[in-house]
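Structures given as structure tokens follow.
You will see chain A twice below: alongside chain B first, and alongside chain C after that.
Moving on, here comes the complex of A and B:
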């Protein structure tokens, strides 16, 4: 027997050492989790009450919808849809600008390295969670009730709903700023505002622009359907077409929404590439 | 050197830039003192090197002086006021006359080199000027001349994150001098640099501060560099000053007292 194998074999009578990725308790816990997930799936399937007849019928119904949409009513575009499209883009853009302004202030309040008060941090984070957790559609319903239907309600819905998303990502970007340069500017006697401007802003700027452009992309898609509840734009045209059962017009609006989403996607990808 | 033989504690312009530290104490956690009752008088010119092992309070001491760290007790008398008592605007006014050089350079990486140097003026300028980049022409001219002086005249419009470590530290020095300081603090300015660059950086700090005849406090763990450039060495151990004297008085027995052990000295 060579020395190496003798070493590997170890002293005679030694017990084999064992190794498991998880302890026994962890393994029981993991099995239990899988079991719970399976139970949740079965439970939820029972709740949604699938009616088999409708399920068998679905392919036929879908095909029927497409047949009724064809041919698409292109002449309706210059009459109604073009204006609605422009309104949607304006709603998304203006809503994003207002959101970014409000979110910046809230993010400063929520960022622990800027605002050294736990109470104010909590207030900031509450605003971020509260605005985000209510869907844009629900905000639109609220603002339609206050200001009446139209683009103003849609814009405010977009703006308020976007504060949470934009502000949360912004406050995280601010908190991730390297403390070294901040320390250096503090040591040079810079005022808090000057530190914000020359210490934090250059570090946060790429994230800021990226987040704003990304949110604009989301908002174009959201504002396209806000009209369903009275928020103006393409959704309003879609609502009209749907309630008149003019499926060729519905097809037109869906095509336009699809085209807009693709174009904004391309624009945003290009812009983000430029920023980063 | 002749200057050392006739060493006077006051600079040639007659301004007394000495720093008197009395009974300075710092506890980050109550009861655990990192600095225990440090008293030092730093004369108004020349370079003082603080040496000692990691975690001994060197960095805390230097950061107490410009109040990046708030001392728990004690006073620091400089240019007629107690730095330990200053708050708000008065603190910022005092800070703008104290330049600081950092181990990790601490440049604003996405700004250009020249703008990083101009950041040294932030304590003097109204915010709108910094925001619109409307720096006074005299400041811009001085920033360029400082960049020339640290050997980076060609790099003014390069972004700071494109520079090497040694170049970044040169920008850091230019930024500190841009403050027109009465005192320069350097916190481990060479610890992230290679040996050759370390010597160049220490030379640069010593020369540029020497020209202006302002005192420098440098906290450094390289004993050879301290010996070579400092006029005075302060050795610290466990939050206390255990050696204070000229480099030639620093002997192995002192180093053993400062760092402990002796095997490393051979």
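Moving on, here comes the complex of A and C:
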């Protein structure tokens, strides 16, 4: 927070100091930003396409939704949903493992203290941004078109989309590594691989494990919905139930997803406590 | 005669790290096991890769014909509107919810109710929320906006609640000691402390909503996602590439804008 004082000419030529919390430029910038946000809001509200007929019966439709969901179709769980749940968990875990492998390589490419080539750094950074900006579900659409529907497409979608996030955090962790141990190893004549394993790895390890576990938590959520576009797992069961308009089965899948998310969150909190 | 010291076995500079090796072996076994469960085989992968070559060939060059650009523009504008509306309403709603969730500010029953609500918003994926809203308010942008508002509320309220819990209580007590009513305490004692972080989170949420607005369209929530899904179903793969490139471009612009916004308020 920067304080600023503005001098105002007082009556008898003496200067009266008036304190402002922000400089004039800051205040203009902020007011301009608020104005811009307001304009964006008005523009969006005026031009967005909303069909009023749909809105009038929204309360009725919402009530209908919950009435159809109840009672939840529990007997469907052992038949289909259990297998889908196992598939989702394996998709998320395998996807995370592949992602961490690929992200480590990309992070080494993008880290400026490892790869001393601006071109290679930029290529690494581009891979990280590009994989991250395309959502896992869009990747899944691609991989379903290439490999056909199933867990393979889902796993690859999870893996590729996670490269960006994992690799960005990893390359930041690598760049923050203290140069002392690395210089010592270099002076002792260690090979590049030994420098990586014994100089960088011990410093990056806590961050590495933390990032991997955190990403796994996100990937469990993501992989639960990938099936909607053909990526296998719980989403596939959800898609089937939705297309058949069996809302009691939809309710079951939603309950299962909710439970899995809660359990993984607890597991991740516990695991992070152990690592850090 | 002094004894000659027994030769000490030389310590290895880098002794083998057995726990690490066993851990890696277990990981490898798991990968093999999970691959069999998921029916991921090498032959399928290789078949897919050759298939992928044809697929890529159909995507290049991206389709920039005028009639497609009109579709792209309409979808993008709708996505932008969805992201802007969801961010602004999400921010406006998550501020009171975040304050209610802070245990040092609100009474325990209210704080726990707010925390449960936040956990519920956070645990449901935007796509699932979008499906429910599509059923409730019909196909189109409104369902997408509502779904992303819920997602924004979950993310922002949690972080705001944490920021308020971490702030210094002294300023709040000073304002309270003057006999100020609750609203003034919040505006003068709490908000100045958490505002910079709140703006930072909101900027990130704008980013995230831009990305996710491409997503809700896949299940009927409107925007560029709907355009993308239609193009996929019509096997217009060259147009698909155009859309994906446009999404990457707009997400990058969004990251620049949100970085600029963060700097403005830091």
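Simple rule for what comes next: the second predicted complex is superposed on the first by the 237 of 276 C-alpha atoms of A that agree within 3 Å, B and C clash if a C-alpha of one lies under 4 Å from a C-alpha of the other, contacts with A are read in each partner's own complex, and residues count from 1 in each chain.
FYI, contacts are C-beta pairs under 8 Å (C-beta built on N, C-alpha and C of every residue); 3 or more make two chains touch, one makes a residue touch a chain.
Everything quoted here is computed from the prediction, not taken from an experiment.
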item	value
Three-chain arrangement built on chain A, chain B and chain C clash or fit	clash
Contacts of A:271 with chain B and chain C, given as first, second, both or neither	neither
Chain B versus chain C as contact partner of A:80, first or second or both or neither	neither
A:141 touches, of chain B and chain C: first, second, both or neither?	second
Comparing the two partners chain B and chain C, which touches a greater set of residues in chain A	C
First (chain B), second (chain C), both or neither touched by A:255	neither
Touching partner for A:224 - first (chain B), second (chain C), both, neither	second
Chain B versus chain C as contact partner of A:198, first or second or both or neither	both
Which of chain B and chain C A:120 touches, first, second, both or neither	neither
Partner chain(s) touched by A:133 [first = chain B, second = chain C, both, neither]	second
Partner chain in contact with A:180 - chain B first, chain C second, else both or neither	first
Shared chain A surface residues [contacts with chain B and with chain C]	194, 197-198
Contacting residues of chain C [partner chain A, same complex]	14, 27, 30-31, 34-35, 37-40, 44-45, 48-49, 51-52, 55, 77-78, 80-82, 84-85, 88, 119, 123-125, 127-128, 131-132, 135-142, 145, 196, 211-212, 214-215, 218-219, 222, 228-229, 232, 237, 244, 247-248, 251-252, 261, 264-265
Partner chain C, residues of chain A touching it in the complex	1, 26, 29-30, 33, 37, 40-41, 43-45, 47-51, 54-55, 58, 61-62, 65, 86-87, 90-91, 93-94, 97, 129-130, 133-135, 137-138, 141, 145-148, 150-152, 155, 194, 197-198, 221-222, 224-225, 228-229, 232, 238, 242, 254, 257-258, 261-262, 265
For the chain B and chain A complex, residues of the former touching the latter	66, 68, 92-100, 102, 104-111, 119-120, 122-125, 127, 130-131, 172, 175, 179, 185
Contact set on chain A toward chain B in their complex	178, 180-181, 183-191, 193-195, 197-199, 202-203, 205-206
